[in-house]
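Have a look at this one before I ask anything.
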Amino acid sequence: MTHSTALRSIVRRTEVTWGLVAAAVAAVLPLIYPSTFLLNVGPQILVMGVFAMSLNLMLGYTGMVSFGHAAYFGMGAYTLGILMQKTAVGLAASLVLAVAGAALLALVIGFFCVRLGTIYFSMLTLAFAQIVYTVVIRATPLTGGDQGLIGGIPVPPVRLGPWTVALRSPLAFYELTLSLTVAAFLLAKVLVDSRWGLLLRAVRDNGDRVEFLGASARGLRLSAFVAAGGFAGLAGALMALYVGGAYPDFVYWTKSAEPIFMVLIGGMHTLLGPLVGAAVLVGLTAVITQYTSLWGLVLGAILVAFTLFLKVGLLDFGAERWRSRAAAAPGNPPVGGVARAREAK
Amino acid sequence: MDLGAFAQCVSSTLCVVSQLTSALITGLILFLVASGLSLVFGVMGILNFAHGSLYMLGAYLSFSLLRLNFGVATVAAALGVAVIGLLLERVFIRHVYRAPLLYQLLLTYAFILVLDDVAKLIWGYDFVSMGVPDAFRRPPIFIGRAPVPAYYMFIIVVGVVVAVGLWLLLTRTRFGRIIRAAADNPTMVAALGVNVAAVSAGVFVLGSFLAGLGGVLAAPVRSIFPGMGFSILVESFIVVVIGGLGSVAGAFVGALLIGFVRAFGSVAFPALEEGLVFMLMAAVLLTRPRGVLGVGKEL
Amino acid sequence: MTRGGGPLLELAGVDAFYGRAQALFDVSLTLRRGEIVVLLGRNGAGKSTTFKSVAGLVTVRGAVRLRDRDVAGLAAHRVARLGVGYVPEDRQIFPHLTVAENLDIAVKPGPDGGVHWTRERLEEIFPILAPLRRRAGGALSGGEQQLVTIARTLMGNPDVLLLDEPSEGLAPAIVKALAGLVERLRDEGVSILLSEQNVRFALRVADRAYIIDSGHIRYEGTVDTLRGEPEIMKRYLAV
Amino acid sequence: MALLDVRGLSKAFGAFQAVHHVSFAVEAGEFSALIGPNGAGKTTLFNLLTGHVPKTAGRVIFDGADITHRSPHDVVHLGIGRAFQRANVFPAMTVLDNVHAAVVAHERAHRDPLRAARRDAAGRARALEVLEWVHLEGAAELPAGSLSHGDQKLLDIALALALRPKLLLLDEPTAGMHPEERRATMALVKRLWRDLGMTVVFVEHDMDIVFTVADTIRVLHHGELVAEGPPAAISTNQLVIEAYLGEGVL
């Protein structure tokens, strides 16, 4: 009993520990090894990692496959971009409003989508996302239409106590993205380990049974949808800062597909899994494109091998290995309530 | 919204006929691709992301084979795609029948990446355009005073013939009955002595053939480029959802519906052109969550 | 009665599993040529699983011998082609196919290559079939579905017929007709393994009986012997 | 006053009368069985009581409140818990998380953002206590899906117990178990009934068990309540014997 409980909390703490260790390494790395490649690709990995992690609140933790998650990513990006370009709202407030805007959009769209299940849910999320896309490319005065929000996003230097940090510097931006990613990860971790997160997983496993426990599976799905939308909005806002604009392809459906594959590659049973998936997919693409323009061929072949041979996400594979080793360890308690009832009788 | 333009169009034979033929060729090509997707999904439960890439391969093969002869190119290209489909199914896809749906998507998405790059290697990065085959370089056919290009008529005829043929295959042959029965209950079909694995492979080949044929027919009227399979893939998914999962008749209705929405919607709502099809899907899903002709198959 | 030595169908020490859950424990039973054997037991006792073990629809350990050939682990369609006709409990008619189409799917020669059953012959034995030909399977009543699934299975010319609870949910008059039909099939050379909860029906048509409970065979004997064992009937069948 | 009062309850699926004009009253503290052949309408009756299937006609009064048209959630929170014929649990979650989820849902803690976001040591402790009731505490950290069928059935019951129901509906709690396991499980259920002061209605096919443990037996046949009474009266009831033996069928 105590043995396995201990194991459980180790696993639980492990994710945070590993996450923080990885973050510390990532924070120090560019200081000792200032590579342009790293400063270039690093923020992309982090932003896409947060995006994939946000999707996983739905996909892995609630069992909902959204094909239209780019809508909230794009909403975050455009909200931040428009606020920073056209108003006097500051960076911090713009980030908050970008998250809020994305969550609000998710609330409206999610309200309709969570009524449907399985593939129908997926297709309806796709439909709404494409409608958002249409609005984005047509609302030219606000969004810049096909061209996107061009002309860059003015980012004023940020004052941190005695220091003034110019976020235009790639290193500063890298560290900012990293710290926001860590914050998002820790917040998401608190959420998925909470009672709410517990019920989300219950919905994922068996939504009908949740209803019989007196909780609304639909309401829980909607809350996961909104939370995922908010985190996606953060990712989108960061992406807008990174590229200095917001573009229609942020909202296009191919942008919705990317985080799905990141989650699948990294593993859907943890929050770090999607980040790992983003690192693999973005990193591999960046590396492969340096050598060949036919990156799809190489990446595709890797993915085919991955699906056929590994069949689960990388971190899930590792966790499963670890668990089966732990389960085989001696000292595990006997099970069998029915048998125990027989003895008790 | 531009209802004035729409009113003007419907009052002119020229415009109506031209939008009508456009609706039909869009719808019928889409039907060919989507019916294959629907069959594969209905019988095997596989959502094949690479289905659009098979369409692309059909177009490219037809482009390359046209040098020989149009008839040969059409038949050989579609059959070639069917063979590619068979290879994909036997070598890769049969290993993921029992895998979660998302892993099937990941695998077939990987095919898209590979096949697009293969297309780049063989046919280059740029758009290629093949033009109307010589056999169809002839005066248009007039409906009233409105001209319809001969090749458009060819697409419409082939599309309708294939639709009818597919319907006959599914309803009038033993193979068709087995396919429909396997979509409902593959275990029982196996218990009656039918090799369901062989049927699945057959269905995948048929689906690939249909996608390839769609590409072949589209090649002369659309630009051909790596990645051209993507947008028709999304539209095919929409057709399958609108028509009801696994229903070929539904796919026919759904595909034509999309053809019409695209052709006439672009006149009436030019500002919403990109979104119309998705609005249609949202409307269908919100009012009839199992599709227009859906039989209520649960995923 | 027996030809070619051993029994037509024999299960020897069969364990069956659904995933990790074991549903049958060391089940052994035999069906000889020309026999009707009934497997009795309550809901969930393991009757359907026994049938699925023969039909190749569940993972088994142990031997399933058909005419002395071990068929355990063979794919379902191979078992069917070797002459086993399986009529599942819930009938599993193809609802979107017509009756004629349902029958057509199963058409194949028997294990000896012979064709004993044709649609014409079946329509003669099941007069109800002919007028139903064009009706969709899903639109039939329970009794009609039961007869169609039996007829469908016969189109494959099996020499072993597995009938899983054929009387369930049928009106008394239909059950009576079913009894006559089962006997007629036996007379035409089909050996039948039957499972039932309707003890009366079972004891009327069968030659021998097995009782299964919690995945274990608890009793084996002729129907006449079983009739004289009220204790056993009460314990396992709540009769 | 009866805890559960069912009056003229009917349910038709198209032309098929699944439950037809059923009336009965379950007294508080009762330990009763609902029996009847397959397809008699027992599960449908449960679905009607818990509000999962709309009623064609009739009323249901529970604990003084009319719950005829209340939502399934309300019915749960008013105190009707339910376990299922086929173990209905959360297979990928640990056994403890399964019950903890039920505790959270029962307390409606997930709906209060401040409580929802915090970890819940007290809730886990309560969940563990519930697991001890059904002797599954040793399996607390295993995935529910890895339990044996019988243990999953117990976990299903534990999920219902975590809701602290006044009335517990058990649909074939011993289905698929060995005879000895069945008896042990029913004995456990009866002890829980006594210790927790619940009212229990269970569906069961094993007549030995039914006639041994139930105080009251109700018999459903073709959707109608054909008999109701103590075991002694039911065992000699001609209608019941017919329903089970299929008199008149051949």
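Odds and ends about this structure:
Each chain carries a letter (A, B, C and D) given by its place in the written order, and its residues are counted from 1.
FYI, a residue touches a chain if its C-beta (ideal position, glycine included) is under 8 Å from a C-beta of that chain, and two chains touch if they have at least 3 such contacts.
Every value quoted in this text rests on a predicted model; they were computed, and no experiment measured them.
The minimum number of touch steps linking subunit A to subunit B comes to 1.
Chains making contact with subunit A as well as with subunit D: none in this assembly.
More contacting C-beta pairs link the chains of B-C than the other of the two pairs C-D and B-C. Chain centres computed from CA atoms place C at the largest separation from subunit A. Centre-to-centre separation of subunit C and subunit D, using mean CA positions: 34 Å. For the pair subunit B and subunit C, the distance between C-alpha centroids works out to 44 Å. Here the spacing of subunit B and subunit D, counted between their Cα centres, is 50 Å.
Residues of subunit D in contact with two or more other chains: 148, 177.
According to the touch criterion at the top of this document, the contacting chain pairs are A-B, A-D, B-C, C-D. Residue ranges of subunit B in contact with subunit C, taken from their complex: 174, 177-178, 180-181, 184-185, 187-196, 295. Residue ranges on subunit A touching subunit B, taken from their complex, read 59, 65, 112, 115-120, 123-124, 126-128, 130-131, 133-135, 137-138, 253-254, 257, 260-261, 264-265, 293-297, 299-304, 306-308, 311. Subunit C meets subunit B in the complex at residues 55-57, 75-77, 80-81, 86, 88, 92, 94-97, 101-102, 104-108, 152-153, 156.
Considering their complex, residues 1, 4-5, 7-8, 190-191, 193-196, 198-199, 201-202, 204-206, 208-216, 220, 333-338, 340-342, 344-345 of subunit A touch subunit D.
Residue ranges of subunit C in contact with subunit D, taken from their complex: 20-21, 42-44, 167-169, 172, 175-176, 179, 197-201, 204, 213-214, 235, 238-239.
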